[in-house]
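Quick notes on the structure that follows.
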Amino acid sequence: MVLILQLIAQGAQMALVLLLAPLLLGFTRKVKARLLRRQGPPVLQPYRDLLRLIRKEVVLAHNASWLFRSGPYLIFAATWVAAALIPTFATDLYFSWTADLIAITALLGSARFFLALVGMDVGTAFGGIGSSREMMFASLAEPGMIMIVFTVALLAGSTQLSEVAEFMVTHVTLRVSLGLALVGLIIVALAENARIPVDNPATHLELTMVHEAMVLEYSGRHLAVLELASALKLLLYISLIACIFFPWGLAPFGSGPASYLIGLASYLGKLTVGGFLLALFETSIAKMRVFRVPDFLGIALMLGLLGMLLLFVSRSF
Amino acid sequence: MNPAAGTLWSVAALLGLSVLAVAIARRPAATRITYAVCLAICIAVFIIAIAYLLGADRPVAALQLPVGLPWIGAHFRIDLLSAFFLAIVNLGGAAASLYALGYGEHEESPGRVLPFYPAFLAGMNLVVLADDAFTFLFAWEFMSLTSWALVIAHHEDAENRRAGYIYIVMASFGTLALLLAFGLLAGPSGSYAFADMRASSAAQPGLVLLLVLIGAGSKAGLVPLHVWLPLAHPAAPSHVSALMSGVMTKVAVYGFIRIVFDLNGPPAWWWSVVVIPLAGATCVLGVLSALMQHDLKRLLAYHTVENIGIIFIGLGLALAFSAHGMAAPAALALTASLFHVFNHSLFKSLLFFGAGAILTATHERDMEHLGGLIHRMPLTAFTFLAGCVAISALPPLNGFASEWLTFQAILLSPILPSWGLKLIVPAVGAMLALSAALAAGCFVKAFGVTFLGRARSSQAADAHETDGASLTAMFAFAVLCLLAGILPGFIIDGLAPVTEALVGGRMPVQASIPWLSIVPVAESRSSYNGLLVFIFIAISALLAAEAIHRLASQALRRGPAWDCGFPDLRPETQYTADSFAQPIRRVFGEMVFLAREHVDMPPPGDARPARIAVTLRDLVWDSIYLPIAGGTAYVADKLNYLQFLTIRQFLSVVFVALVGLLVVLMFVMLVWS
Amino acid sequence: MDHTAIDVAHMLAGGMVLVSFMLLYQDRMFGLLNVFALHAFVLSLSVAWQAYIQNAPHLFITAFIALVLKAIIIPVALHRVVVRLGIHRTIEIIGGVGPTMLFGMGLVALSMVVMLHATATADPLAREDLAFALSVVLLGLLMMVTRRNAVSQIVGFMSLENGLILAATGAKGMPLVVEISVAFSVLVAFIVIGVFLFRIRERFDTVDVEALEEARGERL
Amino acid sequence: MIGALLHRLPFEPVTAILVIPAASAILLALLPGYRLTARLNVLAAFLTFLAALSLLVERPAPGGYLFVDDLNVVFVVLGTFVGFTTSAFSASYIAHELEIGRLTPAYLRFYHAMYQALMFSMNLGLLANNIGLMWVAIELATLTTVLMVGIYRTHQALEAAWKYFILGSVGIALALFGTILVYMAARPVIGEGHDAMVWTSLMEKSKDFSPDMLNLAFVFLMLGYGTKVGLAPLHAWLPDAHAEGPTPISAVLSGLLLNVALYAVLRFKMLLAANTAAIAPGPLMVTLGLLSLIFAGFMLYRRRDIKRLFAYSSIEHMGLITFAFGMGGPLANFAGLLHMTMHSLTKSAIFFTVGHISQVKGTQKMSEIRGLTVSHPLLGWGLVVGVVAIAGLPPLGIFMSEFLIVSSTFAREPLLALPLVFGILIALGALFLRLSDVAFGKPTGSMAPVKASRLPFIAHLALVLAAGIYLPGPLVTWFQNVARLLG
């Protein structure tokens, strides 16, 4: 019985993230538009876009290879699995121990790896630009991420997200290391999701575009899958931040449906706040030149390292 | 029967085979015969080693032959450690031989490859078997010598000769360092048998460690002793490159472990302080150098340097933990390192096989002349992709599993008492993460430029898929990469007795954990399940594909690439390997390589093309090796005047020597009386 | 044996050292040859004296060889060579006469100290004898390295070898002395013939070292 | 059993070893005709070798002038063997020299006579039980080699011979003075006359000799015979003599004469070692050894002439051997003996190949020799194996001796081991630098097949290979005895 409940919960989470992802995107866009005194597209617009793309025919370049066609599904799958392993409304879901924080980071890495590959498949100049810059960002974002993971893990004594969340809930104390880690994680999240100031998701035909440049040759259902994957990624990072730094309201292991509902409500709340803050941040800051991004990400790396060292200073294990 | 005896018989067979190969090298069948026999022997020894490693009752596997040092004889012994490395050596050897069954047919001068190849295999096996210092060094240097002969197999190219020269000098340098180390371990009485060394403690274990670090490190490719490696490994025929990169560097690691963990007594805490930062530097410098290459095989060779760094990080951690008597963490670190040894031997060989296949198909090693091969050689492309994913430490393949374990070991570092290590280890963790990310970038470049896009040369345009034997070898290793990635628990359990023997501890039994996930320390601390990750990804990918294909329109139209409407897509407009690396060069290059870009942009109306020239400097080479070479040349020049003195001047030298000695003698006698 | 015996032996040996200094001092070719003849003559006297006091008749053979070959034949032969090759001008002494002489003094002192100290146990006759012999040897070597001219270098070598014969005869009862002196005479004869055959004018080796490098393919 | 046989025969090995070469020297001087004399030369050398081998079976009691003990029997057997193989090589080598007219039949007669005379004098020097006799023999050997070095009568050859002659004579003179001093040291103890110069009696009584005399004597002997060994800074004659003479003579010089001189030094070292009060000769030998090793190592880099290259490598190895004997002790002495044996075999083998190579290419300049393994596989690979061996790499014999020398030294005197390793590495670098150009790459020069006498160098290299893998027990015990003798 419990097992079944557990499986249901796990499945629910997988479905949940999949459903919520476009909504979050739409919400963020809406808020942005409003902050810019625009009407903006309706919140459900992303769903419409996806459906429209799915109905469209696919235009493939002559020399597109099998990798080009299978890539989107792999990318989507990796991102989805990663997102499904992050506690959203409940901790200790049945498969939560499948991958710890490091493994989740690595899963996103795999997604990025294939994204950069498919970007180079057709052999256009733009694809190359996108892939090479994406990998350059990643080369700094990933160690930053790992450093943040170290900080959190050393504090909580575990790299399992559920454990971390529970630790944070039970005996968290205000720590400078955590603050640094939070800032670092936000920076990494912005970079990974190609948001301003690192990249501008709303533009095309701009020499500074990175993510869009890689998917430039895609169309139809492939593009839809990729869009969904990137939406999932955004959701993933926001829920990651939420689960590590604001883990309140998460339903603990084996608790009844009621607490699950509470967890769900709090999760939706967190997403809303996150999306709103993101929009606010993006409207209030300008995009930076590509070669200033490394410094930006370097800050994240430094913050992570600093946070870890401060841990030792503040408390010697 | 005694496993050591069996292995020795196989080694003897290999040596005999190399003699036979000299005789039959001219025959057309020579290639097939040689490699087939090598394959059979390697498989046999592999089975012996695995049987010993996993067998419940391990027969005593030592024996002594009346050869080598007369009053000591040649000792041979198989223990758990050597069994593990025997397995690696012969697995790699078997795959390389299988691959060479196809690849070797394209060799234009088989007479310079066939005799040395079995001898090389024999040498590596002997190193692992050896149980006394003389036999060990004998085999070690024999291994270097035979591989040197293979490196200069294509000797018409001056580059290869230079590579071979630098290689043999560095190898002998390393051997001499090891020789000194053994001199210390053996002591003045000259007790060269490993058993005696274990029994007696070395005079200066610290010095021994440094010497071994130089000796084994120069063979394995630790910075700054790595310079020969990116020259020599690519120069050899590809199946030999695979052996050198995938297996011989592991034999060097074996030498390090054997001496430092087994013979040199209990470690001191500062050893790890020496080893770990060196390893971290090796990682980063290796991968950055790899990113700057556009020669495919050289890129792979530089990645060997990086992975050796990862392995030595694990070894350094194991030293740190066991120096403080923490057996379990030490076991974790050592397991991570040994596991990575195994993984790297798999995917590095696989990648070199792929490079060889490309070489035979296009006669090109330079990626700038390749591209679009995924259409011409789909199967090679698939296996190569698997290798790329594995070496980039991406789940669910094996590279990630071992790096994940290394990270777990790093996360245990706070329990170390010494503050130096507390601070160094996490910093090295950052370096490890950095190098992992850069490696991913590097292999996006390697695969993307080589296989994707459009062909940049006619050879690449009409390449052909490689032969069956090679493909079999490649697919076998690709599958092994996947299996090792999704079922790491079994390998960890297989390694447990080895770590128990070396650091007196073992990781918890993994096979019994539900769903076959791996738990290095405790369920609550961290766990990873490659199998489930793989299954989930597979399921959800299929699910998505299925769903989409149900819902979506099947309409599909082929057209020219859009590229934002940019017309006339010539292959030259693609990103090249160098241009792909340019952003990373901008970020790291100025500091590490003193990279300078000279842009020559003609003014409007000027017809000449715009040019960009990039200059990179290898600081290690320039700051260490050039001065040494220059110094030698300088001294040689100065001393050379002595060749041209007149007889009278030579007589004066004799005269001065005589008078000088007499004066010395006078003083001695006066002092004595 | 009585005192006079030792004194005479001592005087003769010392005389050889003195003559060695005269050799060092000489800067005329013919003068050099004459002085060398004197050197050989004194040697033969000393050897003869040793033969007498050790009553070892075979040493007379050595004395005789020294007298005939070194005091007469070789000087005459070298005289011929000098005339034939036309090198009877002054000999340039490297470092000049004065410093050479001073250095020679130093050598004599050195050999005295070393030898007298070393042979503390041996009988006085042998000690003196060996000390002088060593100084003669060193002076001969010094002469070889301070002369640029083939003939004078040969002379230096022969005076060195005279010192050896002196030492050998002084070593009381040493067997094979005759054989050794004969062997040495052969050696010297070789050298003289060599000079004579190979027409070596100025030095033992070619003037032009560069040319040699070329010839040996040792050019850098 | 064989011993019994030898008894029954009217056969006296020691005399045979001396008489055969002497007699054949005279005979060969008289006989005309190339083929016959060459064959006779080989035959004589072979018989000498057989006689020497019989010494292993049983050795005669030490006589007044000649004697055989563990130490010199090593040298005699080795020497006669190399002499035999070299004579075989020289047969084919000289044939070619006659064809191209570099040698005339008259000189050839002279050459063969001198060859046997050289064998005679070296055997005499080794077997002599009398320090004076040994001195005479070595002087004789010097003279004969001088004549053979100058045999081509070219400007360089004469110049080399002359340089060798002068420096050699001075060395001889110093050695004689040392010999006299030894006699003087021995006389008070042993008494006047012959006994005071006989090894056997000297060895027994040397502990009572005046140590100061011995020290002084050793200085002269070390410099005198050291000149023959070719130790820096007394080496000047060696490279030119090797480079300008006929190649068989280069082989004999490196393979034999240097050993004979070294043998003399060792004898006197034993004398001093037996006398506790004397200063140990070790430091002097170690210093000269290291000096030669490192100096020669650097000199290798600037060589252009292939024979001169290997001549310098001989200096290097002589330095190494002297160093080993200077270190002393069972391990180092054993290693020194082994190294000496291996070096003789390897170096002469190298000179065999080099001789054929320079003949077929018509030059000794390495810049004009390329890609030998392509143009002449057997010679080329032979050279490669030789260089690999001489550089001290397995599976060949020198690896074992260098292993023992370096490791034992480092355990005892770490600071001495560092320059040692440095020198070895420097030399190895130079050798492989040259090898990779000479043996590999695109071949240049004549590709004509060469009528090489393969057997000698293959035999030598095979022996070196075998020794590198397995040393027969008797040989080992024998070497160990000698090592003990050397103290």
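For clarity, chains are labelled A, B, C and D in written order, and residue numbers in each chain start from 1.
Everything that follows uses one rule, which is that contacts are C-beta pairs under 8 Å (C-beta built on N, C-alpha and C of every residue); 3 or more make two chains touch, one makes a residue touch a chain.
As the structure is a prediction and not an experimental result, all values here were calculated from the model.
Participant: Spelling it out: a chain qualifies if it touches chain A and also touches chain B; which chains qualify?
Facilitator: For chain A paired with chain B, there are no chains in contact with each.
Participant: Take chain B away without moving anything else; what clusters of touching chains remain?
Facilitator: In the absence of chain B, as far as touching goes, the chains form A | C, D.
Participant: Counting C-beta pairs in contact, which two chains come out on top?
Facilitator: A-B
Participant: Taking each chain's centre as the mean of its CA atoms, which one is most distant from chain B?
Facilitator: Checked the centroid distances; the maximum from chain B is C.
Participant: Using CA atom averages as chain centres, what separation in Å is found between chain B and chain C?
Facilitator: Result: the chain centres lie 68 Å from each other.
Participant: Need the CA-centroid distance for the pair chain B / chain D, whole Å please.
Facilitator: Chain centroid spacing, chain B to chain D, equals 44 Å.
Participant: Would you kindly tell me how far, in whole Å, the mean C-alpha position of chain C lies from that of chain A?
Facilitator: About 99 Å, centre to centre.
Participant: If you average the Cα atoms of chain A and of chain D to get two centres, how far apart are those centres in Å?
Facilitator: 79
Participant: Where does chain B touch two or more other chains at once, residue-wise?
Facilitator: 637, 640, 643, 647, 651, 654, 658, 662, 665, 669, in rising order.
Participant: Could you say which residues in chain D touch two or more other chains, in rising order?
Facilitator: If we look for residues of chain D contacting two or more partner chains, we find 162-163, 166, 170, 212, 215-216, 302.
Participant: Among the residues of chain A, which are close enough to touch at least two other chains?
Facilitator: Counting only residues that touch two or more other chains, chain A contributes none.
Participant: Please give all chain pairs that are in touch with each other.
Facilitator: The list of touching pairs comes to A-B, B-C, B-D, C-D.
Participant: Taking the complex as given, what residues does chain C use to touch chain D?
Facilitator: Residue list for chain C touching chain D: 114-115, 117-122, 126, 130, 133-134, 137, 141, 144, 157, 160-161, 164, 167-168, 171-176, 179-180, 183-184, 186-187, 190-191, 194, 198, 200, 204-206, 212, 215-220.
Participant: Would you tell me which residues of chain B are touching chain D in their complex?
Facilitator: 66-71, 133-134, 137-139, 141-142, 144-145, 152, 155-156, 158, 161-162, 164-165, 168-169, 172-173, 176, 179-180, 182-184, 186-188, 190, 192, 203, 632-633, 635-637, 639-640, 642-643, 645, 647, 650-651, 653-654, 657-658, 661-662, 665, 668-669
Participant: Spell out the residues on chain B that touch chain C in their complex, using ranges where they run on.
Facilitator: These residues of chain B touch chain C: 637, 640, 643-644, 646-648, 651-652, 654-655, 658-659, 662-663, 665-666, 669-670, 673.
Participant: Along chain C, where are the residues that touch chain B in the complex?
Facilitator: 107, 110-111, 113-114, 117-118, 138, 141-142, 144-145, 147-148, 153, 203-205, 209, 212-213, 218, 220
Participant: Considering only the defined contacts, which chain B positions touch chain A in the complex?
Facilitator: 371-372, 374-375, 378, 381, 385, 389, 392-395, 400, 404, 407-408, 410-411, 414-415, 419, 422-423, 426-427, 429-430, 433-434, 436-438, 440-441, 443-445, 447-449, 452-454, 515, 517, 523-529, 532-533, 536-538, 540-542, 544-545, 548, 551-553, 555-564, 566, 569, 571, 573-575, 579-584, 586-587
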